[in-house]
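Before anything else, here is the set of structures, which you'll find just below.
In the two complexes below, subunit A is the common chain; its partner is subunit B in one and subunit C in the other.
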Partner chain A sequence: MTEKYMINTSPVLTFAKLGMNGDTVRINTSKIRKENVEQYIFGNGIIANNDYEELLPVSASGEDINKLLSPDSRLMTVKGDAEVTLSFTGSGVVQRVIRVARGVEATLVEVVRGSATDAAINSTSYILEENARLKLIRIQLLEKDTLYIDDLRAKLLADSYLEVVRLDMGSKMSYIASNVSLDGKNAEYLAHGDYLLNGSQRLDINMIADHIAPNTKSDMRCDGVLLDSASKIFRGVLDFKSGCKGAKGAENEEVILLSPDVDNQSVPIILCGEEDVEGNHGASVGKISDEIIYYLMTRGFDEDSAIRLIIRSKFNTLTEQLANKELRRVINKLVDGVLS
Partner chain B sequence: MSNNTILEIKNLSTTVGEEKTPILRNVDLTVGRGETHIIMGPNGAGKSTLGFSIMGGPAYEIESGSIIFEGEDITDMSPDKRAMKGIYLSFQNPIEVPGITMRSFLRSSLQQLTGKKIKFSEFNKILEEAMEMINMDPSYVDRDVNVGFSGGEKKKAEILQLLVLKPKLAILDETDSGLDVDAVRTVSQGISAYKKKYGGTLIIITHNAAILEALDVDKTHVLVKGKIAKSGGAELIDEINRNGFEKYIDG
Partner chain C sequence: MANVNIKDVDFKRYDFRFDESSDDYIREEDGFTKEIIKRISEEKGDPEWVRELRLKCLDIYNNMDMPCWGPSIEELDMNRIASYVRHKTDMKNNWEDVPEDIKETFEKLGIPQAERLSLAGVGAQYDSEIVYHNLKEEVAKKGVVYTDIETAIKTGYEDMVKEYFMKLIPPTDHKYAALHGAVWSGGSFVYVPKGVKVDVPLQSYFRLNAAGAGQFEHTIIIVDEGADVHFIEGCSAPKYNVANLHAGCVELYVKKNARLRYSTIENWSKNMFNLNTKRALIEEGGKMEWVSGSFGSRVSYLYPMTILKGDNSKMTYTGITFSGEGQNLDTGCKVVHVGRNTSSVITAKSISKSGGIGMFRSSVVIEKAATNSKCSVSCDSLMLDSISRADTVPAMDIKAYDADVGHEAKIGRISDEAVFYLMSRGMSEEDAKALIVSGFADSVSKELPLEYAVEMNNLIKIEMSGHKA
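On to the complex of A and B.
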């Protein structure tokens, strides 16, 4: 049965007519099955275990997401570096809780691929215990007929560190929600999202850094390239709750527009419930600077090749972080395909 | 145009911006193959504009005149085509390109310019040879293009590109500014090697005579208010170093 769900609702509303407060999505829930998602784990760094329970952090996707999730989660513990592939063989939902135990330091690469015309829903909560350090690299390469809902939640305990590097290239419509709750003092969160959208692809982002404990730090960056008639909305929220003294947060965006038909919206929000905090926002939206194109042209690249080289090099900084050479090759090929 | 002429600028006038502010005014300049020409002049005289105009800089509008390179009119040619013809511009403020190493960038550039695929082993040999000429630390070429380089390192990297790409004509726009004494000497060695080893032609825009020590200067031009106020030989450099530009400005 097809029903309407509110998704990526902004925590603070603006004029409704701007259409920036959130989105409504129609999903036929009867077609969404848990069995349509396979999880492949590579390496010994992550193990499935069902002996860990933790209250889930709140979703940045909004209340309605809970109606779409299955009650049982896959519970896992990170022991060291690992790579996980989530493969959608049809419309499906996966709900996971991933724990990084006290003092553990690891890099987790997650690749989301496959096809799901009704919806591919990935809801994953990360619990970082004291002094845990996790670098999460999430690569979304779903087929371009897919509606993707990505609900990332994280709870950071004292002195923990979470770095999220992500690349969104696939799917027709993507809703990316992430709510990172900085619960423990000195917890630190760094996010760098990259996207490359062409055709009529749309990306809807709702990122929240929830500063609860003192001296917490967050830095969210979202950079991307829009081609053809692609569109994107970025909502970035730095929420300084009462008591988070000494907290610092920043959110930045760099958007390259390569067609007059693209649509780009940005909603940076800084909420201050505490006086002793520092919140920064910056954005750069536009074409690639003439100066840099000219420099490359003087070195023999024609204008199109120069633009391709600049964009390709932006994604290189991300792919160079991947140890998996095959994955690197796949992404480079996809980037080249979009830019050709 | 004699057979020995590589570049001929005739009656060139350029403007900048929507208000069409005049920069160069009726500039004539003829450069012979293998020669070294020095362009000097006070700040704001149009020296960099001259370099950019030869290299097809999009910020400048050519109002009249022409630029002939090896007998071909390149006035309306795009910068990449000019580079393919063999012209190189060393930037006063080289641009940073994050995400691509200098090694990979230079190999791509050389492939674009020559239209040939160059094997890694073959390219690395060319690169090593060029790095040796200017005592460049090999680690620089595995860093992203100009990213995090000091001002001096960026200038050195421009000379490295010159030695790898081996153009027929190189325009060096204040390559010596911001360099310490040792770096000026190193860069000067590189320029000299380009000229002696590859028979290169040079147009050097500079304020500093030190960079010219290792070079035989053929001609010096004093550019004032967009015009060539005086042309002469190497002796003109000493004269300007002693007396400044005042008499040309007043004149």
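On to the complex of A and C.
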């Protein structure tokens, strides 16, 4: 049965006429099955267990996401570095709670692949206990017939550190939502999302950094390239709650527009109920600077090659962080394919 | 470091009132009904098209939803707002002829003195009607028209008013624009002919003296090709313990290569719900400059909007908002780039203290046709304590691939490092903080004529211990 769901609704609304406060999506829920998602875990750094109960942050996707999820989640604990592939063989939903135990430091690479025309739903909550450090690299390479819903939630306890690096290249329509709750003092959250969209791809991002405890830090960065008639909306929220003294937050965006038919929307929000904080936002939207292209042309590149080089260099920053050489090769090939 | 007492805006200078005895004043009953609208229309001697438009607007108002995205206005009971209040006297063009209580009000506000010293023309509205209007002879000789809308309609400018009235802000724009269309009264009509440069500013001052009333003035300014004018708008009201409503409309038309600077010092009392709408349409090579200071009101929805329709047209917005105790001021601006090579620069400052809520809300839309356009947005918010709020909700929709858009927002408190630096140069902590807060507001005050910069500084009244502004 196809139903309409509100998704990626901003916690604070802007002018209704702009149509940027959230989206609605139609999903045939009868086609979504848990068995359509396979999870492959490589290495010994992650184990399944079922003994963790914790109140999770609410979803930045909005309340309607809960109608698409079931009460039970797969519970896992990170002990060290690991790589996980989520493979959608049809419309499906995966729900996980991933715990990083006190003092553990790990890198977790997640690759999302496959095809799901109705919806591929990935709802994962991360609990970082005291002094835990997690670097999460999430690569989304779904087929371009897919509707993807990515619901990331995280709860950061004292002195923990979460770094989320993500690349979104696949699917025809992606809803990326993240709500990171900085509950413990000195907790730190760094997010860097890259995207490369062409054709009629659309990316809808709703990122929230919720500063609750003192001396918490967040830095959300979202950079990307839009080609053909691709479109993207970025909603980012830095929310400084009363009591988060000494907190610092930043959100930055750099968007390169390479076609006259693209559409780029941004709503970078800062909410502040605490005096002793620093919140910053910066955005740069437009074409590649003529000066940079000119410089490269004086070094022997033609204009197209110069543009490709600049864009490739942006994605190299991400791929160089991947230990898996095969994954690097796949991403580089995809980037080259889009740019050619 | 010790807390330093930075006081709220001092409203005492504006918080005086004269009782409006029923013998001297006409006051409509509370609420907004078809019968009331018909009586207002009859009282004002509207032409038929105005009367029809009022009734159409009332229908639209009754069928439109409340805005869903802004601060709450639940305290505003529309059944307890009088739509029309006026003194029985007619508009005068000599202060001596203005009724004594009204004249005294404007004298306390410094309007006649400002007219003598630094203005080319003055309009003064008291409650629902303009009570005084005057334009210097040498400016009138250049063909400049400055009067109220009703007089413009009755003195040969009806076709022009009809062409521009509620065209830029249609009644369907939002619920309170529709309400305005139904009950509008007073305001300003300005026409600056081709090539005419008005060297000194024109000013309209709006005073709402009646308790539980609304003010719905309408302003139309047409700056013809190559012309240049600075228009200043001031507003204030005494404080009552019942809600007052301000829902004016300002429609500005800047023709080819013309320039308009529109400065506002808004200082409504803290029982005022300020739901004002301002919009400008800029043609080829035209320039619009907004300077805005928002200090008063209980709740404000105020976002001057500019449509850069013509190629090479420009807009700047410089605004400051001071939110004190009990205030929720939702301010900012909107710009739509339509023409090629258009540019806009938005600079906003916000100060919140004593539980005040300051919200900067903006929208920048660059349409596909607006190739090679540029926009820069900068908003800084200063929190003076932890019981206040400072939020920013900027929105951007960029459809032109070769646009150049930059945005910066900062929220924070007075920097300890800056205070320490100034203290190391021999200043006391209090002086250092006072200097920093003054500097924060300086980018707006320097855009105002000297007299109004002084007025704004009086309004801010940043009084540090032992120091008076």
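Side notes on the structure shown:
Throughout what follows, the second predicted complex is superposed on the first by the 340 of 340 C-alpha atoms of A that agree within 3 Å, B and C clash if a C-alpha of one lies under 4 Å from a C-alpha of the other, contacts with A are read in each partner's own complex, and residues count from 1 in each chain.
In this section, a residue touches a chain if its C-beta (ideal position, glycine included) is under 8 Å from a C-beta of that chain, and two chains touch if they have at least 3 such contacts.
Remember, predicted model here, so these are calculated numbers, not experimental data.
Of the two partner chains placed by the overlay, only subunit B lies in contact with A:300; subunit C stays clear of it. Within the superposed three-chain model, A:135 lies out of touch with both subunit B and subunit C [touch as defined at top]. Touch criterion not met for A:102: it reaches neither subunit B nor subunit C.
By the touch criterion defined above, A:113 reaches neither subunit B nor subunit C.
In the superposed pair of complexes, A:14 makes contact with subunit C only, with no contact to subunit B.
Once the two complexes are laid over each other on the shared chain, residue contacts for A:257 go to subunit C alone; subunit B is not touched.
By the document's definition of touching, of the two partners only subunit C reaches A:267; subunit B does not. Contact with subunit C, but none with subunit B, is seen for A:276 once the two complexes are overlaid on the shared chain. A simple residue count on subunit A separates subunit B from subunit C, and the partner touching more is C. Those residues of subunit B that touch subunit A in the complex are listed here as 55-59, 78-80, 82-84, 88-89, 91, 94-95, 97-100, 105, 108-109, 112-113, 144, 161, 165. Subunit A contributes residues 290-292, 294-303, 305-306, 309-310, 312-317 to its touches with subunit B in the complex. Listing the residues of subunit C that touch subunit A in their complex gives 67-69, 303, 334, 361, 363, 365, 368, 381, 383-386, 388-413. Per the touch definition, subunit A reaches subunit C in the complex via residues 12-16, 18, 20-21, 240, 242, 255, 257-287.
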